[in-house]
């Protein structure tokens, strides 16, 4: 990434980073290697503490999901390791038991059919719009961008009835996946445009200018220069949107309904989870069934995700 | 994802839990009726099809039904449509969602209503009728209702027009207890309210390690409703059905002295640290104990009594025998004296949003004794009580369903519908719940009633 | 344009491409939709490429931003305006114009609590999540097993709000002190000889307990973005600082922080707005009882539970108003950068 920039010499630091003069003052009390090693030991400790704090709740429920109903209510999950033989898959078996009318596979297919277009469409539209807001001067650009940004606050619940009315009565798209895809797109656009725009703004303007000088139009620039740089950023947003759509219940329920033929997996999980008193044995298994795909996808794409967000920092 | 649960769904949840536990109270029953939702082809009863001929040739038509009833309790429901489907060739498209109560009005207002919806509260029917989208019930349905559930007709009626036939039913005036524990300790099932209070005090004195009562009103975003049932049940007993009706219709204010008396009576039990909260802790734990868990301490002897509706039976774990001579059973929450017998209950009504002939035909089927009988026969796990008084109670194999059916049809009983289901949503599903939660956690009677009274919608 | 294409769709597209119930049919439908959307995308670009030079930029800008703006106008702007109108037309949202809903809203005695809670959420969540995310990002930067360490903090982000609420409700489980505990937090209290507590019951601690769940979810988001921003600080700058003897906290204060300022603003803003809208956590864990309600929860109740869409709309408008400071701050920031 640093190839994009002339190598910064120590002298040039003070030119580029405003607080650098202050940093120079710090020279007098420079920390030595020993101090930094100590620091890093403390740093590791704090990092481990945070990691443990962040992981324990999930681990607790995970362990619980493999315990019998009786054990769960008798003592804490931390005692489970004393008797590993008591672990059981029974909770998962019960949670996965097909409902009376549909198998898990069917819900799974529905979720995939909902999710893929609902992730791709906002990426298409938001990257185009973000490009326009970032690099194409047109009248009212700033005002429009602020408006798009501000729309993030509109709770999607207020849009349900008006949108349903439009789909059903104006477009003939009632009870179809189209209405779900378009709704997810609409609700994602403000954040998508905002995030992708921010990444784009950070790209060095000289790139664009150089291309303009060479006679390239906006379409060429968008495809040839921006899109390759932006691909990781788009992937990063794509993961966010994937998680959101995958975990969504409300939008699908409203626009396509909860029948097993069309409803996503969250509908099935909501039947299991939700507020079930201390039916922790089912709740925990249900919760983990719903988590597994997003977590796997997330971990698999994590590298991509981090790189994607890096794209925004090129300017330094 | 999860947003709302109300009492109907609470019942569903309870049943779901039971099924998952393998507790099938009437499962494996030995009658000819089909237990299996899917495989009811051969077992489906033949009904008189001529009733539906007047609606024309309905072959190949579809009717969509939207309910709060989800898997696995939906199976028996779907099975109970079979005779109708066989007769008419109509296909019933079933959709159940726990979000139904909040979603139905969105769908109706967005112009995407189902053909028929099972509404768990008459109050919701009133709201939906106000949108102008609910179609009045056809005369055939109304005739069925007049015949089969005359007392309940009013719950499907808005401003004098009959819209929605009642469907399922449950009885709320029950106290769950352990017959074994009562026998061991020599306690008698109380026959009057005073006897109940005396027994309560006796249990508290006899058992320093246990409490006479356990309660829990946590129920997700419907937290509070079990406490409103308490107040309603006691209100029926201390003030009588007539005053109860005035209260529900807001002809007397919510903070009327009659209500204050009832609340104080409830407080004698629920707010007395000597009497509650068996198996859980202090009075405040009532607010955070889920209603599903609240009665379980009866099983381990840390609690003796739990007031909850008939559908609570499904919450007892695998292997619990729910019967008069079993591990748990329910007695009728006694009235002031034995001369009166007020019964609190609830149920759902079926509203239609389309006036196609196949929808009318299906509405008519749902209000028929044929359906209620089929429902009882194909009942999977209990909770199959209907509002229909012409069904033979003996068809209900689940003991508590059976008892409830007899309670409902008892000529000496005065039935009243769950008041909070009839009040405007802002109160019945809002401030009444919230007020009771605050009351449990420390707010005094007067402040609680004033708060609810002030929230009553002015119009 | 998109809308006109879409409205043409139903008549142009045969039923199997509108709705499908078989698995194969669904996938055909899905691929058709992707192709359809890609075609729109291509069409926009093709049209845009017809316009050349600086003068064509206006058209190009409109073509690029147009589809998104159109969808937003129909899907969010129009409902937002409807909502504002509804909020002025009585409790049903259909009556005559008045400020009744607003006076009703502000005369509710609980509103003060709701506003106080909302303020706590919107201040604590972004700052705590960002602070923890930043601290962690710095601590594990270039450490061994960094990817794994990140994944641990990351994980809650992949879990739905409701899933997270279930996990934490289990952590907060209450049992009487003398009984075996099943909730971790109460077990810890008990271990240190304290009485167990009902964390979700006692105000105002319960609100903090709910906020913790949101912080738990959002810290991973903050960590990821900030970590990326930290890594993007050119090595030479860091080396130069090291040559100048700048290490540890000074490094953070004078080099790191200024370099990631833009990323910090994005993180704080995104989390802040997300927090204002969140109500799943409150609904799942306390249902807004015990003085834990927030504006978004009240909005939901009024609109969908209490049959008072007008009053609900007023709550939504209150949410819009609450976000104005965040938007304004961002605009000021954008102006500065421009």
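Here the chain labels run A, B and C in written order, and each chain numbers its own residues starting at 1.
Simple rule for what comes next: contacts are C-beta pairs under 8 Å (C-beta built on N, C-alpha and C of every residue); 3 or more make two chains touch, one makes a residue touch a chain.
None of the values given here were measured: they were computed from a predicted structure.
Enquirer: Check A-C against B-C and say which one is joined by more contacting C-beta pairs.
Expert: A-C
Enquirer: If you average the Cα atoms per chain, which one ends up farthest from chain C?
Expert: B
Enquirer: When you average C-alpha coordinates per chain, which one falls nearest the overall C-alpha average? Tell me, please.
Expert: C
Enquirer: Using mean CA coordinates as chain centres, what's the gap between chain A and chain B in Å?
Expert: 41
Enquirer: What's the distance between the Cα centroids of chain A and chain C, rounded to whole Å?
Expert: 10
Enquirer: Counting only Cα atoms for the centres, state how far chain B is from chain C in Å.
Expert: Chain centres of chain B and chain C, defined by C-alpha means, are spaced 38 Å apart.
Enquirer: At least two other chains touched by the same residue of chain A: list those residues.
Expert: In chain A, 161-163, 175, 247, 266, 270, 273-275 touch at least two other chains.
Enquirer: Residues touching two or more other chains, restricted to chain B: which are they?
Expert: In chain B, residues 1-3, 106, 220-221 touch at least two other chains, as defined above.
Enquirer: What residues in chain C touch two or more of the other chains?
Expert: Residues 160-162, 284, 300, 304.
Enquirer: Which residues of chain B touch chain C in their complex?
Expert: 1-4, 101-102, 105-106, 127, 220-224, 280-281, 284-285, 287-288, 424-426, 429-430, 434, 437, 441, 451, 457, 459
Enquirer: Per the contact definition, I'd like the list of chain B residues that touch chain A in the complex.
Expert: 1-3, 5, 13, 16-17, 20-21, 37-38, 70-72, 74-75, 78, 93-99, 103, 106-107, 109-112, 218-221, 290-293, 315, 317
Enquirer: So in the complex, which bits of chain A are touching chain B?
Expert: Listed in rising order, the residues are 69, 94, 97, 99-101, 160-165, 167-169, 174-175, 247-250, 253-254, 257-259, 266-271, 273-279, 282.
Enquirer: Considering only the defined contacts, which chain C positions touch chain B in the complex?
Expert: So the residues of chain C touching chain B come out as 91, 109, 160-162, 174-176, 198, 200-201, 280, 283-284, 286-290, 300-302, 304-308.
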